[in-house]
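Quick heads-up: structures coming right below.
Each of the two complexes below includes chain A, the first together with chain B, the second together with chain C.
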Partner chain A sequence: MTWDIALILGIDGLANGAIYLLAGLGLVLIFSVTRVVFVPFGDIAAFAALSLAAFEAGRVPPTIGLVVFLAAAALLTELGSLVRKGEGRRIPRALLLWGGLPLIPCAIAWAAARAGAPAPVQMIASVLLVVPMAPLLARVVFQPIADASVLVLLIVSLALSFLLSGLGLLFFGPEGTRTSPLAVGSLSLGDGVEVGGQVILMVGTAVVLSGLFFLVFERTAMGKSLRATAINRVGARLVGIRPARTALLAYGYASLLAGFIGILIAPVTTMYYDSGFLIGLKAFVAAIIGGLVSYPATALGALAVGVFESFASFWSGALKDAIVFSLLIPVLMARSYMARHHEEEIEEIDQ
Partner chain B sequence: MKPLASRSLMAALAVAFLVVPLFAGTFTVSLLNEIGIGALVALGLVLLTGVGGATSFGQAAFVGIAAYASAWLTTAHGMSPWLGLPFALLLTGLSALAIGMLTLRLGGHFLALSTIAWGLSISMLFGNLDALGRHTGLSGIPPLAIGGWSLMEPRAMYYLVWTVVGLGFLFSRNLLDSRPGRAIRGLRGGATLLASVGADAYRLRLSLFVTAALLAGLAGWLYAHMNRFVSPSPFSVHASIEYLLMAVAGGLGSLAGALVGSGLVLALKNVLQDVLPWLTQRSGQLDSIVFSALFIALLHFARGGLMAFVRRWRRRHGAGRPAPAHAAPARPLPNRAMPARGTPILSVQGAVKRFGGLVAVNDVSFDLGAGEILGLIGPNGAGKSTMFNLLTGTIPMTSGRVRFLDRDVSGMRQLEIARLGLGRTFQHVKLRPHMSLLDNVALGVHARTRPSILRAGLRLDREEERRILHEARRQLDRIGLGDRAHEMAGSLPLGTQRILEIARALASDPFLLVLDEPAAGLRRQEKLALGNLLRRLREEGMTILIVEHDMDFVMNLVDRLVVMNFGSKLVEGAPAAVRADERVQAAYLGGTA
Partner chain C sequence: MALFLEMSAAPRALRWLLFAGASCLSIAAWGADLKVGVISSLSGPVSALGIPYEKGIRAAHARFPEVAGHRVELVVLDDASDPATAARNARKLVNEDKVDVLVGTSGVPGAMAIAAVAQELKTPLISPTPVSLPGPDHDWTVVASQPFELMVSAVVRRMKAEGVGTVAFIGFSDALGDLAYECLVRSAGELGIAVVADERYARGDMSVAGQVLKIIGKRPDAVFAGNSGTPGALPYLELANRRYAGRIYGTHGLINADFVRVGGRSIEGLEVPSGPVLVAGQLPAGDPIREASMAFRASYEKLYGAPPTDAFSAYTYDAYLVLADAAARVRGDAQPGTPAYRQALKDAIVSTRELAGTHGIYNFGPDSRYGSDERAVVMVRMEGGQWKLAAQPAPPR
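Let's turn to the complex of A and B:
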């Protein structure tokens, strides 16, 4: 390997790392607020990418159907729980919140597709379209078992990811798609090494978004309530923060991040209905480097995973994913040796 | 269920097993073979996840390793499938050992996430190795044959598959009802509980992990020679989730759950494959949607699986657990000779523990002689519990020395110290609520006996098992709970649970008993009984260190007291002298010192 190749691989890795950075932030956010290891994150990103591809092909994105379907399921769950609790007077609000709100991005997307809107509008519509997904899934699947152990939540999460990729196949079909590049041109670094516009765009977006993410967390009441819930759920509740609401907020933010990831990755990778699973899992490797709690360590982890992946693909394209996952083993070992010894009680099962 | 009824049910099942292939069609027999293979994998998951508490999302990878191993040996080297079996099991076992050694120290969800990682990596490996035929896989695998009789027909294979399944269940049932089995059932109680009886939680988990992988390996070997073709996709993480679904659907709480779950999932899968094409053209995806949704619903509404309903139904209809067999006579286990009264047992010299900037224990020294009861008291936050953890080896000391029976035990692990003869109880009771009193106490005998998983599974441990149970009964009688030996520990009131913990500690035949707030939460009558028990133990030559809050209880019991305050030793002496000491009064009452 020459320095040129190493440099090209490094730049490539930086672009990968940018994606994993955004995904890692979303995963850590959800885990710290809800204790859910949100495996379907990657699937949502893939759906954003596939939506954009549908727009470009001049079709109405099938994502609309998916969101409407999820909204109906969430509305039924909410109504069911309201009726059981005998809180009938809150039904109109529930109808508006669960039945109405998610339909707004669907309407926008539908209009954009019908009117043949320009590319930027298509992108915005694609991102908006997936924003309701994680909160809706959370309402149906995670909120009713919010007190279950982390392991049960993890199993549910994994099953949910498979459910989503099944739905993805049903709604989007088996064909892979790639959208037209967002940025053309390139920046020359001399010696024939060039950095593509798309790479600059990916890294730049990641930096800007994670900066915004940081600002929201540090400076706004909403961000502070998220942090409070993450640090101590009971304590947050005592000062009047509603955990279910903060959880939905966290899912919403994460969904938004997933939407951006989808738009950024769609032009550089051929996306299939099930491409999200591996993206999500690699972001997990990054998030685990941060112990699923630390944002800065996750960011470093994401860059490491990205660069590692790009070098791994140079050595063996077919085995690059396996190589990236095996990176997890030394990381986990280091964590288990560094971790302070604490006794964990495992949930008793019904006997 | 009465033993007779149970036996006739077993006989009926055995007859049904023999005659089914005579009546059922080839399709049904093939389905039954698949169910048997699934049940083997799910059985490993019930042991590993249900009993042991470690979730694995990678079990299908072990099925794959075994299947590919035997397939490769028989196709590339033309060896007999019967040679493929030991080769497949060896390779699966070694892989599990290596993976387990790398990952099993991890806690809860990190461990589970790591299983996704290696589960994925291994199935990707199958699809990318030239020797394994990449994505096309290996075909033309020879069928099994016994003598000249080929097992190519599903009907012939049926008997082999179900014999292996039967043996697998027998092995697992024997295992759970034994010394290693009790410790495995204790795994969910945490590593500290096991270490307190001298059991190594990590090694137990590792051997359990390998056992589960070997069950998956057996399934893989059967799979390869039944289908005579292997490709990567049946060994993916998807397949692992399906095995986990089987175990959860049947019920992670019982071995039978594996069989029931495998039957349920595979039968449903077949029905779906028949029905779904009528509804949509893309039926292949629909069944994965249905299964995922079903799995989520199960975890929402019926986490105990089908067998939990069966158990509840049987309990409601009066059919409880089988009546315990009468205690068989057994040779008592040898006891260690108690040292002469007054011999130094424990000596703490300059113990220091810092948590960052906080000095929890600051240069504390005291000694303890054989046959003595020493009380360690102090106001809240005095560092008593930290001191307790230091001398039992639960947390490492920053500096200082602890000598136990003329050996320097500072820096030793908790389980090593426990094996030397230090029995302990817990401030927050650590009993296994779903195990009987007898089993809970028998857990205490763990380090005094040897039977391994293999010997227990093959029932070669009965002599030692009788001796273990004999010893456990003796200790139960000693604390006056002998007549309740077969009740569940979780049904006891807190006070009795504390006493039961003492019986468990006694079962390890200790020189020194260390009790962490044994009187907390006890009623007056129970405290009196506890005091009498401890006095009796002292008369028998036992040395006791007791960390306590309850002044009355301690004052009337102990020979000597050590008072701690703000991490340091304040006073040491006889109870009356300590009670009169101004510094102690100041520490407790907040007066001017």
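Let's turn to the complex of A and C:
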């Protein structure tokens, strides 16, 4: 292990860490607002990557069909609940929102699938195409069981992840693909160490997106309503924030992040239909380091996971994943030691 | 629905065949059909090999639908690249479907699992995947594939001929990687080549940066990868990324169109061992292997509309040839579907002599699972997206 090898590994780790950072932010966002550990996050990222690969191969990605189907299912669910609540007046609006809005990315994707579409259009189309997926899935699957325990929601999202990766196999086949690089060229840090353009793009995008994330949460009413729902659901309802709507917003943002992750890693990694699960799992480790509540801690945890994974692969290639996941043990022990215990608070009040 | 349910012909044919097979099962003891149980990985990481395996045996079945006067029925099951599922499927095929012979699976761990079941349930197994089962304890299994040692020793001899002195190994962290590493160490030791690194990665890994960095740090003359399928492209991509300038070699598990697609320019100049069928058109005329290979290509093209782009489908074609040849030599009057027939079939299989297949000439015996010799291996090089014959096969005996 020399300094330049350590530098190369560190840069590689930061690139992976940037991806886990975005995924971790998405996971924490969804969990804090809805208490759902959204395991299919990685699968949605894989769908974005594979759809981009399909665009580049000149094929129409079957993701379009999936989004249309989900839109139809969500529309039926929404209409059913509106009719049952006796709010028939809101049906036209629901038709527009649930039936019409998800079809816009589908139309863009349909146009982008034509041969000769410029690469930026294809990339934007892939990202937009997966944005409706999480909110639609949430409307159909999670909203009816929104009050169930965290364990029930976790099992349901695990099942959903299996479903999505099975659909990925059906749509895209068992073979992996790589897309063409987004950024060519490299930056030389001297001493023979080169940082690829793709790596700079990944880290840069992560920084920019996290910055935007922070701004939205701090400065916009929408972001503040998300935070309010995350901190206290009942309190948010009392001040007029609809938890169901903020939940859908959270899913939508997370889907957008998943789309970006998909198109960023597609050029550097061979994406298979089941690659998403492992990405989501490592991001979950990062989210646990952040305690599933804190965004800065999740970001640092993600970078730590990325760098740790890189060095672990140098040390022992076969045990790399085991080493990364064993990072959870000291983190969980430290967190449980540092957490405040509610019993003590009650005792103090009694005295 | 037509948007995303673009099914190829094979799954539709599979459904029809399964329906036909199921309806045959419902009519008890209908004629004396020879039932062949095929297990292959049609999904999961090993599906890059498993799907061609299924295609190959169907091509053979299309060419020889009747064997020794019995109609042949194929029952195909998917093991999803999981050895436990493969073993379960094997049990199901023997106990419920009453197959006379098993063929399967793709992937060394799954094949070893099935071999244990075949031994226990006394059903002959023709494995298209090389498995390491020494001694007389596994005499119900034969392997219609070149032994790994044969392939790796052909690579090492080529390395020696090209002046390689040190070689680094990178492979899967499972049975296949272990097998490749052991064979490399043994062959390289005999020829005086030093193995300077042993790096592993999991089939599903997304990056091998650390492993490749370690290899490059040792400055080997050549890198030999013990892997297969599209996950096998990862080390070559990373080596090209790090601008490695030495020679690159691999195993025959890499010969398929998707590996070539994912590998792209990074695998230019890669040399791998192969069965002769891959370069059938470049073999000398009059070679019985060439005849069998051209027949296989014709049959495959007739069934699927395009010639085969890999050598895997030929393994199950050879398995079928072994079965057909053995069934014609079955002694006694036992009928298919009975344990006595399975025993007689196994005896016939194990006494195969000079059977010309697409991957070599097969001679089986009771002491070894393999029946291939030096005629079964050629060296091929990747040039511009095509595999070209790099070293002439040994002249026929």
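Note that in this section the second predicted complex is superposed on the first by the 339 of 351 C-alpha atoms of A that agree within 3 Å, B and C clash if a C-alpha of one lies under 4 Å from a C-alpha of the other, contacts with A are read in each partner's own complex, and residues count from 1 in each chain.
By definition in this document, contacts are C-beta pairs under 8 Å (C-beta built on N, C-alpha and C of every residue); 3 or more make two chains touch, one makes a residue touch a chain.
Note that the structure is predicted; figures quoted are calculated from it, not measured.
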Next item on the list: Return first, second, both or neither, reflecting whether A:56 touches chain B, chain C, both chains, or no partner chain.
Entry: neither
Next item on the list: May I ask you to decide whether A:169 touches chain B, chain C, both, or neither, giving the answer as first, second, both or neither?
Entry: both
Item checked: First, second, both or neither for A:159, with chain B first and chain C second -> first
Next item on the list: Return first, second, both or neither, reflecting whether A:65 touches chain B, chain C, both chains, or no partner chain.
Entry: second
Note to self: Comparing chain B against chain C, which has contacts with more of the residues in chain A?
What the structure shows: B
Next item on the list: Identify the partner contact of A:321: answer first if only chain B is touched, second if only chain C is, both if each is, neither if none is.
Entry: both
Notebook entry, point to check: Hey, what residues of chain A end up touching chain B and chain C alike?
Noted result: 169-170, 318, 321
Notebook entry, point to check: Which of the residues in chain A come into contact with chain B in the complex?
Noted result: 37, 141, 144-145, 148-152, 154-156, 158-160, 162-163, 165-167, 169-170, 281, 284-285, 288, 316, 318-319, 321-322, 325-326, 328-329, 332-333, 335-336, 339, 341-346, 348-351
Notebook entry, point to check: In their shared complex, at which residues does chain C touch chain A?
Noted result: 1, 3-6, 42-45, 47-48, 51, 170, 173, 199-202, 204-211, 213-214, 217, 230-231, 233-234, 237, 258, 261-262
Check: What residues of chain A sit close enough to touch chain C in their complex?
Finding: 5, 8-9, 12, 16, 60, 62-66, 68, 169-171, 174-178, 265, 269-270, 272, 274-275, 278-279, 310-315, 317-318, 320-321
Notebook entry, point to check: Considering the complex alone, what residue numbers of chain B touch chain A?
Noted result: 50, 53, 55, 57, 102-103, 105-110, 112-114, 116-118, 120-121, 124-125, 127-128, 187-188, 190-192, 238, 241, 244-245, 248, 252-253, 282, 285-286, 288-289, 291-293, 295-296, 299-300, 303-304, 308, 311, 395, 433-434
